[in-house]
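There are two complexes below, and they share chain A, which is joined by chain B in the first and by chain C in the second.
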Partner chain A sequence: MNALAPSAAGRDNAARFVAEYQGKRGRLGDLAARDAAGDWLSRHGLPRRTEEAFKYTDLRPLWERDRPAEPSGAGFAPALLDSLFERAGLDRDWPRLVFVNGQLDAALSSTQSGGFAGVGGDTPDHAVVALNTMLAEDGASLHVPAGTDAGRLVIVSLCGPGTDAHLRHRVVLERGAKLSLIEIASGEGSYAGTVVSEITVREEAALEHVRLQQDAADAVSLSHVRATVAERASYDGFNLALGAAVARHEVRARLEGSYGIVHVNGAQLLGGTQVADLTSAIVHAAPHTSSRQTVKNVLTGRARGVFQGKILVNRIAQKTDGYQMNQALLLSEEAEIDAKPELEIFADDVKCSHGATAGALDEEQMFYLRSRGVPRAEARAILVRAFLEDAFDLVADEPVRALLEQATEGWWDGADALGAS
Partner chain B sequence: MSDFLRIEGLEASIDDNGSPKPILKGIDLVIPAGEVHAIMGPNGSGKSTLSYVLAGREDYEVTGGSVSFKGQDLLAMEPEERAAAGVFLAFQAPVELPGVNNANFLRTAVNAVRRARGEEEYDAVQFLKAARTKAKALSMPEDLLKRNVNVGFSGGEKKRNEVLQMAMLNPSLAILDETDSGLDIDALRIVAEGVNALRSPSFSALVITHHQRLLDYLVPDKVHVMARGRILRTGGPELAHQLEAEGYASFLAEAA
Partner chain C sequence: MPAVAETLNTVETLTQSSYKWGFETAIEMDLAPKGLNEDTIRLISARKEEPEWLLAWRLKAFATWQKMEPPRWARVGDHPPIDFQDAHYYAAPKKKPGPKSLDEVDPELLAMYEKLGIPLKERAILAGVEGAEGEAGESDRPQVAVDAVFDSVSVATTFRSTLAKAGVIFCPISEAVREHPDLVRQYLGTVVPASDNFYAALNSAVFTDGSFVFIPKGVRCPMELSTYFRINARNTGQFERTLIIAEDGASVSYLEGCTAPMRDENQLHAAVVELIAMDDASIKYSTVQNWYPGDSEGRGGIYNFVTKRGACRGARSKISWTQVETGSSITWKYPSCILQGEGSVGEFYSVAVTNNHQQADTGTKMIHIGRDTRSTIVAKTISAGQSDSTYRGLVRMLPKASNARNHTQCDSLLIGDRCGAHTVPYIENRNMTAKIEHEATTSKISEDQLFYCRSRGLSEEDAVGLIVNGFCKDVLKELPMEFAVEAQKLLQVSLEGSVG
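Entry: the complex of A and B
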């Protein structure tokens, strides 16, 4: 026995996923990459809270969930998609790709992508990516030719009870191309989903990537974005976390050309015992690049919001402009926000700022509203909406912003969302 | 109807770093329906505290006494219930609400109150028409409706915004806490006209002020002098003139 090898307990939590892979390996491609990922997972296991990067986010439900012998079929999906149109206000006319339990559902989709681009590529270094590499069988491949404005595209991922779904998307915007990509994750019952998006934004191209995560209350929802951004190009991301028992949205972006821009904005609205984590690592690898992050958390019950933001400024990246703001509105005594900013700066002429605030609703503002006849719950909703506004304002595509706002309206009605005092 | 607002032996304190600090020390005050009363008094005497307690602010603890409003126990009501019942407080320092559009705020408030009073809610068109008319009567620039509530408003603009809210909410008891402070001379007249316009046998006002000028326009039925948490003297409008001429010294000496 090698004393340096991880303990059996550390490895075991990935065992059933590796077994699942062995079971279906025969019908998959990209075996070199998948084997390497499986090997990595067998050696490292899935991350526990003892691991620094997952200190605040306990992924145990990922491997401790009971899985029924027979996961659900796709029967639930049409009704759930309908509710996205009817209640969430998703526009039926926007071209969409719909994945059900990790597989493209052509009947529910209204457009086509380039098909699954596979999982091949680099050596594994991240548990969620490794898990996804090992198991993903489908995903969108989007290629926007140079100088083309591709408008909006929606990727919907729906999961049913007892399923695990892994999607691998590849998005390439050629020089000067534009795309507004909207991702919606939803489902029913207890399930786990991972989605890895590999994104390349070439010179002067602009990608807006808005993700609406309204997964089912018992779901584990893991999303991972890897983006490289070229000269004068932009990746403009926004993640709205509303659902899931445990969720993590992680963005690793590299600014490789000068005047590139990365935004990793978001809002996390959580109640009950929900945990949502927005983790980012942005590398400024070229001069005159900028990154901006505005993240708002609204937390009630015993919910926990996590924000980890790392900005790395390489020596060459002079005139970097980095901005990070994480704010939390704590609507109950037991809600909690954990924030970890990290700045690593190796250039001398940069502008980087970080700010964080956490607090309850302003009593004076509450009283002012109530003294005008506005009932307590409505007053609270008004102030929460106001708190979120400067984050939502960052979503440039107006109809998409309206979609997010409507999704949060549903949140007020949900459970005891605003019941806490 | 003489018991429109009846305050008896009202005592209230605020938590001052863990220990209660008494501020109101037994206030007796009756405002009959249809009357306008003024309260004058030195800084720190408890005038704003009284107005907050009447409006239902929770950080003051009522330690004694009672308040009845139209026969109801006012102190048992939530702030929004008091507003629905007809109480309106124009704040001495109106609160800023960043991210809350002024017109939306006003419409939400008006409709909440109308709903609670069993009246039909305004639709967007009706509301805007009413709000524009009232804003115009107060010589308020219309863009104040489009901005966030009180954010970046000048002192006088904030006060006018309070009066606009009052006009829209149609209260039966208006408490104006130094609404005249910070107003230019024209605005002062306009505000007074705003209050006078509401005057009726079923409308009363409690006007807190440091200046005679507002009272020249409003002509109160009664003037109360308040100091150190008590009403020291009650008289007619002439009392305000006496204060203007002599200051508070004689009243305070008398009370000591």
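Entry: the complex of A and C
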């Protein structure tokens, strides 16, 4: 029996990935899970914009990209890592795991993880996750024992031209444990990366998960986080999207114990023809849980920012406190923001709200600064920075926040939006 | 406080009521055979003595409809698939010579008017009593012109002469097709094309009647226009088609109120409403919808799948939708505005109440095309019992919508812990100078508010009624006077049995 024979309804945009999997199937583990994912992909295909969940984000570059016969080796990686230290201000002393083209590079890493934990056996329900399940060969497995503060850990993923990289991380924080996880994605040339992080935060544990996405201009960057949060535990996520031609960061968090907290914050700074999408679904499955989201978009050129945030409050989750705020600054005539903040509520004693704004810089604020002799470009920069400040302030770990702010400084130079009149 | 007195009064009269307007009138009907095919459409068209172009338009819509699938994206849960062949698509009361006085009128019909609260003189006109029209025209009371859609054929239209003097055309659309074919042909289907969606296509194929309103240049319509919709005969889906055109500088306020008899089977209602406003014109369209919502177990009730859309074609034109939705077992309705003319204004004020097993998926679309266009959305959603209520809305700023503005406020109130309230707004901005603000909240009636009312001697149910009316005030104040009172009562009735 060939589990991967596409059914009649099969859609061929996943065919090349399925073929790639079949080529290397012999040397992989977790075959049952991978076969199921491949079968699912053959039947459902990769998502198109006709699907509600991908209404605003076109993933076509993922399967329409030309791939060279000879993808890049790992040669580019040391120099790129150096530039993260030199230019981006990443601290060399923070323990780090470095993955190059989807494989752990022990020489560039400064610490070890529990190794690759496999791809798990969940029933496939999401194309990006299914693709990752089928093809991921490496990833970090992090286990923080009860009551331990593991400090900071950096996971760097670097990709070279023409590569596809699929990483699967597993992070478990036992009761009362703490970890500050910093994920950095970067690369060179045209490539596609998927990273799936399965996160379990047990009772009273706290995970801070900051992601800096600085992928190359031609990259497709897809990340997917699944987090379950137990009683009095917290998952505090922040995603800064700066790079890639098409990027999507998706978080599915589930609050399973009372007094749990989930934050899915972020900022997306985009120019040119970039598209970046922050999609979240937070399920409140226990009473007295809370979730917070503050997402800021700064868009110039013909860039498009997408925010889709869903708060789902189950019947049992009384006393839920949910809040979402999505704001967009449009700095050019052709920039676009698409937002869909969604509330789905089945419990009556809850406090849920969302807000969304979209517009240009406030002319009055601009006038205020200009009338005090601040040049136009500088005035714009001041206002945009102030706009972003609300989001960056939510990153509690100060050196990590500084890293993000440093990364944004670089964006000003690249985007050249603020120099324009 | 009059509102409190009103509230108390209503609750008292309705404590044992299940559905106040649940009655059925037995009148002789002229029915088309069950089923839907090209012959049914030809029959409808022939009965209505329609011109060839309209029949061709219907048949084209029917061909389109046959290729379409019913939409499944609305959050209205599972309902049994609708058998479109198991319904009559045409029902008309049998014609009799006009009665000489009200005494000769079918008492069943009069009883129905009584229950609907139609004033006596208007009843005479509606019942077609000869000579009644002039008399009513002289009346002192505030004038409201009524076009009663009694099932599929408009029984009568009042105040025709007064309106005619002002140059306003207000008549059943079937009559407009005969008397003003050019106007109908020019505008029909230009806002909601026949291929727009599954139910709009169905409506285009089989619509039987509805209202046609034309306000010529510079005319302010001298009275509120009103239509009572009733679904009467068993198994006749209603497919009204309403077309309202306001020429340059014209203005009109249109009221639509609905009640339906109680019955066991689910009934489909798929109306299409098209509004067109030219330069400086304004159209206000108000709806109170309280069709049979099904019983407390979720049996029966109306399926209300409606397409309502207005086009602000002219500069500085304005279209305002106000709706109070308390009835129907399933509601699927998004009154929208296409803001094309520069400086045009769209408004949407909505209260949607669901109780028992009702499901409502309703909201609006504001499409900003022209510069300096503005829109306001205020949506209040109340869920009780085991119902689900969803606000679904779209605000889209297109590249040329410079300096456009939108403000959206969506508030949901949950009563009880077995219902659901959902908010699904789509916000799309493609113009940097356009500004969108969206706010949404979900909450329950606070203990503090309840305690305050209870400590002043209100029963729990009255207190809830009062708080709910306060919650909806922003919308209710947009309703024309006579509707506002009815709407307050309706909110009370709809939420009956949801507390305590």
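We adopt the following convention: the second predicted complex is superposed on the first by the 406 of 421 C-alpha atoms of A that agree within 3 Å, B and C clash if a C-alpha of one lies under 4 Å from a C-alpha of the other, contacts with A are read in each partner's own complex, and residues count from 1 in each chain.
As a working rule, a contact is a pair of C-beta atoms (placed from the backbone, for glycine too) under 8 Å apart; a residue touches a chain by one contact, two chains touch by 3 or more.
Being a predicted model, the structure only gives us computed values, none of them experimental.
Asks: Go through the superposed model and pick first if A:343 touches only chain B, second if only chain C, both, or neither.
Replies: In the superposition, A:343 touches chain C alone.
Asks: A:332 in the overlay: touching chain B, chain C, both, or neither? Say first, second, both or neither.
Replies: second
Asks: Have a look at where A:385 lands relative to chain B and chain C in the superposition and call it first, second, both or neither.
Replies: first
Asks: Could you let me know whether more residues of chain A are touched by chain B or by chain C?
Replies: C
Asks: Answer with first, second, both or neither: which of chain B and chain C does A:15 touch in the superposed model?
Replies: Neither partner.
Asks: Just chain B (first), just chain C (second), both, or neither: which does A:402 touch?
Replies: Neither: A:402 stays clear of chain B and chain C.
Asks: May I ask you to decide whether A:150 touches chain B, chain C, both, or neither, giving the answer as first, second, both or neither?
Replies: In the superposed model, A:150 contacts neither chain B nor chain C.
Asks: Touch test for A:53: chain B only (first), chain C only (second), both, or neither?
Replies: After superposing on A, A:53 lies clear of both chain B and chain C.
Asks: Contact residues on chain A for chain B in the complex?
Replies: Residues 363-365, 367-376, 378-379, 382-383, 385-387, 389-390 of chain A touch chain B in their complex.
Asks: Hey, which residues of chain B end up touching chain A in the complex?
Replies: It is residues 55-59, 78-80, 82-84, 88-89, 91, 94-95, 97-100, 105, 108-110, 112-113, 116, 165, 169 of chain B that touch chain A.
Asks: Spell out the part of chain A that touches chain C in their complex, as residue ranges.
Replies: Residues 52, 315, 318, 328, 330-360 of chain A touch chain C in their complex.
Asks: Would you tell me which residues of chain C are touching chain A in their complex?
Replies: By the definition above, chain C touches chain A via 73, 397, 399, 412, 414-444.
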